[in-house]
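Look at the two complexes coming up: chain A is in both, with chain B in one and chain C in the other.
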Partner chain A sequence: MLTLDHVTYRYPNTERPALRDLSLTIPAGQFCAVVGANGAGKSTLAYTLAGFVPHFYHGTLTGAVTVAGLNTASVTLADLVRRVGLVFQNPYNQISGTKFTVREEVAFGLENLGVPRAEMLERIAATMQLTGIAALAERSPLTLSGGQMQRVALASVLAMQPQVLVLDEPASQLDPIGTREVLAAVQALAASRRITVVLIEHKLEWVAAFADRVLVLADGALVADGPPAEVLASDVLLTHAAGQTRYTQAARLARAQGGWPANQPLPVTLPQAVAAFQAARP
Partner chain B sequence: MDIVLEALTHTYPGGVTALQDVSFTLRAGEAVAIVGQNGAGKTTLVKHLNGLLLPTSGTVRLGETDTRRRSVAQMAAQVGYVFQNPDDQLFQPTVAREVAFGPHNLRWPAARAVAATAAALEAAGLTAVADRHPYDLAPSERKRVALAAVLAMETPIIVLDEPTTGQDYAGVARIGGLVDDLIAHGRTVITVTHDLDFCAEHFARVIVMGQGRVLLDGPARAVLAQADVLAQTDVEPPQLMRLAAQLPWGDAPLPLTVADFVATWIGRS
Partner chain C sequence: MSEQFSIFQSRPSRLHALHPVTKLVLTFCLLAAALLLPGLWTNYLLFALAILPLATLGQVTGPLLRAVWPTVLPFAISVFLIQGIIYPHGTPLFSLGPLTLKREGLLLAISGTGRILMVVSNFILFALITRPDTLMLSLVQRGVPGGLAYIVVASIQLVPRFRARAAAILDAQHARGLETTGSLRRRLSAIVPLVVPLILSSLVDVEERALAIEARAFNHPGPKTSLIEITEAGWERPARWLLLLTVPVSLGLRLWLG
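For the complex of A and B:
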């Protein structure tokens, strides 16, 4: 679980806040997506939840960030790293670059935490299985494709068994089926281990399919918060250039041309679109 | 200028064969998207188009010349290559200097270099950040710096490796518009992408790769409809084709764009 209470943040030497007066609570086990245009504050929010703001980036943080029971400003990054896992947008920023095999890379965080050897081996095997990289175990991380590297980055964080998992576009280089597999694995973990998941994602079809809740950020502020079917179909996304699924776009265009009943909600997923277009059949 | 691949096979020094017997021709002025699962050989393939990699066997010809007989510098004047990860590409202290580097290196007259740089910055939506350091920008902007740096060289052929990664809605639309514009001006654009909606909306020809081989090659509408073949390489048809497949669509053409979809849907009333 995590809570933000009137959180405002400015990077060093900047006037404009990157986050503006954010207040929200995400309960344990919830899969929450964050969407918005580039520059809206999504990655800054991810850094804030993981404690990189303010411990690494410094700057001015006001309000309180509580993650897995810890006030992030009053503990160290070392305290946070046991509880909060952050998967970076660019997997090359995640991996140590010092390991010869994928297995060693996944072990790296556990070694730093001093996890006993037997447990470490067990966790590594389970995590590689879950993220679909078991067959890559003996490969050098530096020979992997971008998509394979993203799976390794995710595995290295999941192996640490964080209570809160923050994912910054974790599947941007994965093929479509790979993306579905990885997000389904994360969703299953959220449900079975009550992990709080915060997913930053531009591809709204994935958000619609996997998230329990969607937050929309614009210019550092929270402008919408609710279930995907409601938020992703709303005009707020258009106002703030956060995008729409092609299903929603098609329904909007059909509505503009008189081919959509006035009271019919706009679809955001494929099953919703199939049902809605059947019902709206001219 | 066409690019002709004949029986191209590439085996990496470690022994992994990434491409096996790949043959096709990319004609001047075509918009071609290459799709397929991670590890299918897409990036290995496009790195052959500008001579960054040379075939283990088979040939790649740019126009009449075998890429083995051209230096990477000669190739760079013909084929612009935008890397998947911009950090593999950027090294100058300002965005403007990064973008001006190519024209400068090609020893263009100052007036032409300045004009090409300004046009590329504008097209990539970077004019406002021209004096910033590339590493002070967000990753999505840095990606567009890498794109602008290649656009500025005005090569007849442009290769975009995963151009939409990390871009927001407006960024994807901007890159799509840019592709359309390049094609309208007779340039060849080749992309590697996992974004099948972007692919359907901007690329007339689609090549599907799986395990180092070409599985399908043809017009986007015909290729993207073959869900069973796409599934073999972990790809799904674009959103609107999946939707049309579950609606009573009859023998109307499958939709590539939102406008296509709605025109057919409304037209059936």
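For the complex of A and C:
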């Protein structure tokens, strides 16, 4: 579980806060998505949950961030890495750069945590299977495609068995099939191991398909919080330039032309859209 | 980015199976011999009697020779031209127009080339048979700071990425009309738009990579473990000490024979 209590944060040498008075609680096992326009504070929120704010990016943090029972400001990053896993947007910079094979790359975090070798081998095999990279085990991490690297980065963090998993656009280099596979694996993990997942994602169709809950950030503040069907169909995303799913957009266009009843909810997923358009067919 | 900068060649050889520190000590002793032992042809002899047999044992003779010649040959040609011809007050061997080849210069060139051949081939052989990560792991296990080991290995491994980025920036600036050929002045003026983006993007990379390795517990206190198991045969430790004895022997021969 993680909790933010009136959290405000300013990066060093800046006047405008990157996060403004954020208060929220995400229970264990929940798959929560964070959406918003560029510069809304999504990545800063990810760094805050992982403890990089304030331990790496110093700045000014007020309020309290509690992750897996630890106040992030009161403990060290080393205390947090066992509990919080962070997968970054750019897969190329997540490769350690010191390992010759993908298997060894996945082992990097486990070696640093001092996990015994036998257990390490078990965890590596399981996470490589889960993320679909078992066939890449002996390949050099530096010769992988962006999508493959992204899977390796995810596997490397999952192998550390965090209680909270923060994913900052983890599928930016993946094709649609790869994205579905990876997010489905994360969703299954969240359910089976009660891992709290915070997914930062611009592609709202994926958010609608996988998240239990959606948070909308705008200018560092929380402007909407609720189930995907409710939040993604609301006008708040358009108001804050956070986009809309293509299904919602189609329904809005249909509504503008009189082809969608004003009282009918807007769809946010493909099955919802198909069912609604079929029902509306004369 | 489809290459790895390290020239390590994986082979099922007994030389590869040695502990990295044993290989390091062997390389150090051969280096000391190359630099200390007297004699005009000593380094050629060492190359023939030590480096080549070791390369054969490690099944890397081809890669070794392919890597050594491009380095040593240009050096040999230039040192023969410079030392052989420019050497003052030497014994003339033959003249071609205004140029005279002197005996003493020729001997210096032979000796210098032998030394370079030995030093270069020694280091290349070491790189061909030693994985950088296992070397660093074994050094960390012997007390070298982990951060230092990381910087060394990551720097070696990530050179291709840096090179690929430099090529991408060059292409991008070409596409925007930047001229990088022609007069010296034009070439100099092209440096800033090429170097500044390279440095800035590399700084961003460094920050992101620092975050990424922190997220993977790089600075986690306490003992670390390793997936790679580095094996060491029982005879290797005494063999290393025996090898190290060759260093004072080389020094003694140098002092004795001059």
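To be clear about the criterion, the second predicted complex is superposed on the first by the 281 of 282 C-alpha atoms of A that agree within 3 Å, B and C clash if a C-alpha of one lies under 4 Å from a C-alpha of the other, contacts with A are read in each partner's own complex, and residues count from 1 in each chain.
What we mean here is this: a contact is a pair of C-beta atoms (placed from the backbone, for glycine too) under 8 Å apart; a residue touches a chain by one contact, two chains touch by 3 or more.
Computed from a prediction, not measured in an experiment: that's the story for all the values here.
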| Contacts of A:48 with chain B and chain C, given as first, second, both or neither | neither
| message | Quick check on the superposed pair: does A:257 touch chain B, chain C, both, or neither? Answer first, second, both or neither. | response | first
| message | Tell me the contact category for A:92 with respect to chain B and chain C: first, second, both or neither. | response | both
| Is A:243 in contact with chain B, with chain C, with both, or with neither (first, second, both, neither)? | first
| Which superposed partner A:72 touches (first chain B, second chain C, both, neither) | neither
| request: Based on the superposed arrangement, let me know which partner A:202 touches: chain B (first), chain C (second), both, or neither? | output: first
| message | On the A-aligned overlay, A:38 touches which partner chain: chain B = first, chain C = second, or both, or neither? | response | first
| Does the superposition put A:234 against chain B (first), chain C (second), both, or neither? | neither
| message | Looking at A:173 after the superposition, I want to know if it touches chain B, chain C, both of them or none. Which is it: first, second, both, neither? | response | first
| Looking at chain A, which of its residues have contacts with both chain B and chain C? | 90, 92, 143
| If you look only at chain B, which of its residues touch chain A in the complex? | 14, 36-39, 43, 84-85, 87, 138-141, 162, 165-172, 194-197, 231, 233-236, 238-240, 242-243, 246-247, 258-259, 261-262, 265-266, 268-269
| field | Complex contact set, residues of chain C against chain A | value | 1-4, 131-133, 136, 150, 153-154, 157-158, 160-161, 205, 208-229
| said: Can you tell me which positions in chain A touch chain B when the two form their complex? | reply: 36-39, 43, 89-90, 92, 143, 145-148, 169, 172-179, 202-203, 205, 241-247, 249-250, 253-254, 257, 259, 270, 273-274, 277-278, 282
| field | Touching residues (chain side chain A, partner chain C) in the complex | value | 47, 50, 52, 56, 77-78, 81-82, 85-86, 88, 90, 92-94, 96-100, 103-104, 107-117, 120-121, 124, 140, 142-143, 153, 156-157, 160
